[in-house]
Amino acid sequence: DFMAALQEVPPAFGVSETELKQCVQNQVIPFAPHIEQILADGKLYVDQVRQSSRTPLVSVLLHGPAGSGKTALAATMAMESEFPFIKLISPETMVGLNETAKIAEINKVFNDSYKSPMSVIVIDSIERLLDWVPIGPRFSNAVLQALLVLLKRKPPKDRRLLILGTTTERSILEQMNMTDSFDSDIYVPTITNLEGVDIVLQQLELFTNQERERTLSILADSGADKRLAIGIKKLLMVIEMARQDADKIEKFVNTILALT
Amino acid sequence: DFMAALQEVPPAFGVSETELKQCVQNQVIPFAPHIEQILADGKLYVDQVRQSSRTPLVSVLLHGPAGSGKTALAATMAMESEFPFIKLISPETMVGLNETAKIAEINKVFNDSYKSPMSVIVIDSIERLLDWVPIGPRFSNAVLQALLVLLKRKPPKDRRLLILGTTTERSILEQMNMTDSFDSDIYVPTITNLEGVDIVLQQLELFTNQERERTLSILADSGADKRLAIGIKKLLMVIEMARQDADKIEKFVNTILALT
Amino acid sequence: DFMAALQEVPPAFGVSETELKQCVQNQVIPFAPHIEQILADGKLYVDQVRQSSRTPLVSVLLHGPAGSGKTALAATMAMESEFPFIKLISPETMVGLNETAKIAEINKVFNDSYKSPMSVIVIDSIERLLDWVPIGPRFSNAVLQALLVLLKRKPPKDRRLLILGTTTERSILEQMNMTDSFDSDIYVPTITNLEGVDIVLQQLELFTNQERERTLSILADSGADKRLAIGIKKLLMVIEMARQDADKIEKFVNTILALT
Amino acid sequence: DFMAALQEVPPAFGVSETELKQCVQNQVIPFAPHIEQILADGKLYVDQVRQSSRTPLVSVLLHGPAGSGKTALAATMAMESEFPFIKLISPETMVGLNETAKIAEINKVFNDSYKSPMSVIVIDSIERLLDWVPIGPRFSNAVLQALLVLLKRKPPKDRRLLILGTTTERSILEQMNMTDSFDSDIYVPTITNLEGVDIVLQQLELFTNQERERTLSILADSGADKRLAIGIKKLLMVIEMARQDADKIEKFVNTILALT
Amino acid sequence: DFMAALQEVPPAFGVSETELKQCVQNQVIPFAPHIEQILADGKLYVDQVRQSSRTPLVSVLLHGPAGSGKTALAATMAMESEFPFIKLISPETMVGLNETAKIAEINKVFNDSYKSPMSVIVIDSIERLLDWVPIGPRFSNAVLQALLVLLKRKPPKDRRLLILGTTTERSILEQMNMTDSFDSDIYVPTITNLEGVDIVLQQLELFTNQERERTLSILADSGADKRLAIGIKKLLMVIEMARQDADKIEKFVNTILALT
Amino acid sequence: DFMAALQEVPPAFGVSETELKQCVQNQVIPFAPHIEQILADGKLYVDQVRQSSRTPLVSVLLHGPAGSGKTALAATMAMESEFPFIKLISPETMVGLNETAKIAEINKVFNDSYKSPMSVIVIDSIERLLDWVPIGPRFSNAVLQALLVLLKRKPPKDRRLLILGTTTERSILEQMNMTDSFDSDIYVPTITNLEGVDIVLQQLELFTNQERERTLSILADSGADKRLAIGIKKLLMVIEMARQDADKIEKFVNTILALT
């Protein structure tokens, strides 16, 4: 039965730990309340897969602007499930593969997952897996069709699977009828206020406290607060660029303002 | 002759029982009168194939919104025919096959069916078999053409065949001249009133009777009754998600209302 | 010389009798005067090929709505010619062949025909041989080009050939410049009055005389006579469906009315 | 030198006599003055190739409506040149060849021609060699490009070549910049008056003199003279069809009137 | 060093003399002052390549209407350079090659040129090398991209290269961003006045002096002078055609007038 | 650790010195202040990669009009980094490679770079690597997708990478969502005033001082100053062309004026 099957599989089986950890290289900084809410939602889906035999397959789409932290959050949810099988499907390991090889690799991850009683598969940057480009538009219909089927293909008896997808192109996936294939979705926003920037600056220790306060008050004075919408990934890059500069405050402020 | 030929084939020959049963994993709940009507119609087509030598080939298309239960109903009709050959053609077993391999597999099922005096073939999710995507639009014309021919190709002498197709994209199939190739079609609707929801809730035992009544009255008060149109498949998922939540009623009601 | 050559070939050479007979499975019921006129015209073309040395190649296109009986009539004409070589080119035997293989097979039939002094080739469902679909539109230009050439390629000295094509898509073939390549064409209409239906009903013995008369008078009363346009193939299917029903008259009448 | 080279090649070398003769199966009937003018022009081009060392390559395009006699006239010109190398490039021998094989075959004919001091190449039905279809439009750009180059590629020293092309689609070739590659062109019209029909009828002996006169006067009375535009090829077919009919005059007149 | 390297290569190395000579089969007749100006410009580019070590790569595009003499002029410039490596890249030697083979051949010419201290490469009829056709439009992007790179790829140290391109489709090359890749361009016009025609007629000796004068005065009287725009290549063809005719003057005048 | 790893790799490992040097064949002439500013910015990015462990991957796009000096500047930045691994990815070494081979080569450079603790990769002429052409438009989506992934794929632990891209088609890359994948970008402008021209003329020693002054005053008088926008690469070509001419000043002035 199910609990017995669970024991047979060594916990470490099929976990892409290294890859998943690298997705969260710069930690998950709780710069806004929604970050914790997202991780809590993730836990609910993990529980549903673990407990409801009527829904052995649950799929969730994390979507939001570029660099908002989607991959880091999906990887975190996956690792926290502690399921015996946790795998990352990512375009980064598929550079130069043709459609057929890509689909074979994706399909293999799903088939492998059926060997474990409970599994999580993270499908990262779906638009990139699909070779999406807005000129045309062009994309790999073969990969799309494979994903459309795999997102709905139930695992065999006594096997359960949680699928976490990420994308910056939700509206495109909608045009492709892919969003219908996900059971649920989660929006991952950018940082839109200076409190968020402040928390990240503290964590990264770019400035002394005094410098930081000056920096934030300059930004506030120039109205950045109102138009701010910066991904956590970009903010980390801007901080590290500023760190090289003779005048860190000026560099940081100018770069942030140029982005708003 | 025909009755003799019927005896020669062992009843279990060529039946995809496991796959078909998995299509009806959560039973067929009679949440509305049309469910039984659909199954009765199915029996009539089965009878026609069994009895009329003038129409050795009969094809029926089940169509309707996503998750309305098309696959489960087609699988049920097929299994209830008790014909010696019952097969499922599904995109789920064809992930990563190219057009040629797909067509070969589909064609093989038809040719295999000719070995049995009476057969049912379920062609599930035709739009997915066709690799249909609305952007472009794109689809596999080779698979389409194969299906258009197979839907009309009469079985050899003394062989009879019932074809049950399913699709969410009837209007697309119409543009492709495919609906003309079906002899008949059956519409499978979503659940559009709270009585249907009530029957399903009872069956799934999410709530106590009291909770269920409160839930339904909240939904009725918020006017959900008028705009409701939820597939049985989605309703089952919503029920299982709610089951994980601390406040099951709130979760259930909110999710349903978000869908109307 | 020609008459000598005629003797050398055994009459049964190259005749696809089984396939052609299956095309006329349900006989040719003379439900209207045009049926006999069409068959008489067919005989004239057969005679021309047999007798005029100036026109060793004659091609005729049978066109009309879906299910109007084109294939059955072309097959009948072909079989009645009693030429030593009579072949059917049909999409039904080419499922899954690629363009090259299809063209090779078609070309082979033509080359084989040159071995007989007189031949008939039926090219059935040309739009399907061309993989035609209105979305796009898409079709196999390679098959089209092969047909365009073969329709005009004269057989070698002392060889004669009658080509009978069928299609539901005459206007498409016109856009492809294919109708110009046929020397003549024949329109095959649907049944458009209740007399035709009556003749077919008598032949098929669905009803007692009394039932039949009642049925027809109901149809006449509801004005079906004026809007009727049903292919013989569909009418046969409707009759067989009605045959399964408890109330045959009601089923028959309702289905016919739903089609008008 | 040139005259010496001319002797070395046996006159029959590389002449596709059978194929060319078959193109003129029904003779060239001088139904109008332009027929002789066209053949005289053909002789001038043949002379130019034979005599002018400055223009070792001359190319002429015969164009006009379907069935107007282009192929028969080009074949006649070619055969009358009595050059040692006369070849027909025709879609009829290339059914089912892919682009590469087609181009190889075409190119080979040109390379072979260089072995003869003087050559004629007839390129028949250029639009068909190009796999032209107006839907799309689609055509083989590879074959087109090969022809564009070959039409202008000078033969090697002391070699001369006359190219005769035929097409029904002059305006398409113009859009493809192909007409520019021909040095000259000749228009081949249909029969547009009853005198032409009369001459052909006499030659074909369909009617007695009396019948013929009656036929023509009926046609004249119904105003056919004014709207007539029938290709010689079609006229021959109509005559042979009428020959089978009980009432030859009626059949002939009706068919001709249906075409005007 | 450079001068030493120059000695090592035998002067005849890599010169496509035969092909280049054939491009100027009918000499370069100085029918207008611009002809000599173009050849003088050509010498300047040859000198620059020979002398400036800062610009080891110089590319020039000769463009103008069909038959205006572009290829003959480019070939003349190339041969007059007397560089040790002079090669012609022409569509005429590439009939039937696929894109890959074409590019390999083109690339090889460039790589071969690097073995000589100084080289000229003539790239003839670029639009034809690109398989350009205005319907679509279609062309070989692979060949285009190869040319775009090769036109700018500097030869290795101590190697120098002059590239002479020809085309009738300058505006198309502009749309393809190819004109930007040429360092300079030269316009080659048609003959636009009767003086030019006169010079050519004298050279070709079609007429006696008296005939020629009459011919030109007829042309002048009919206003041909104002609308004249004939390529030298076409003019030569017209002269040779007229030479075959009984009435040479009439034929010549009529053909010229038909072209204006 | 990181510093240890740095020692293990011989400094010359993987440096494409010859190719990079050839990109700066004509030096970097400081004809305007922005030249030095660009090189200083380049140093900052090099420092960031060397020092910040949070941003092991930094990518910068140099963009600007044709011939403005992008490649020379990127090559200079790369060489000045003195990182152990410095590689040039250029379309010039990939002529005739198909998409797959191109991607394999590009991917290999990235994988090779991971063997060095610190690396610079210059991706030159990205629009050309993508086989971009505005007609269509057409481009290699496969190469695009590979670059999109590689631009964001983090090097493994303890490895750092600076990517310098160049393009003339920034707006196209923007439509392809590629600019989002670069962390920063640098605009490289043309020469837009006569001071810049003067500096370059002095460096190239085309004129005596007196000639140069006269030249510049002629240009100033004709208002060239206001409309000037010439790439340094073109200016160098114009100078070398003028050097061949009898009247260098006239040639130089005329060519420059023709470009404004």
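Details
Going in written order, the chains are labelled A, B, C, D, E and F, and every chain counts its residues from 1.
Definition applied: a contact is a pair of C-beta atoms (placed from the backbone, for glycine too) under 8 Å apart; a residue touches a chain by one contact, two chains touch by 3 or more.
No experiment lies behind these values; they were computed from the predicted model shown.
The chains in contact with subunit B as well as with subunit C do not exist; no chain meets both. Placing every chain at the mean of its C-alpha atoms, the farthest one from subunit E is found to be B. Interface residue usage between subunit A and subunit B, two copies of one sequence, is largely distinct: under half of the residue numbers at the contact are used by both copies.
Note: centroid distance subunit A to subunit C, computed from Cα atoms, is 59 Å. With each centre defined as the average position of its C-alpha atoms, the distance from subunit C to subunit D rounds to 34 Å.
Multi-chain contact residues of subunit B (touching two or more other chains): none found. All the chains close into one ring, and from subunit A toward subunit F their sequence is A, F, E, D, C, B.
Residues 22, 25-26, 66, 91-92, 94-96, 98, 128, 131, 133-136, 138, 204, 236-237, 239-241, 243-245 of subunit B are the ones touching subunit A in the complex. Listed in rising order, the residues of subunit A touching subunit B in the complex are 44, 47-48, 51-52, 54-55, 58, 100, 103-104, 107, 137, 139, 141-142, 144-146, 148-150, 152-154, 157, 175-177, 180, 183-184.
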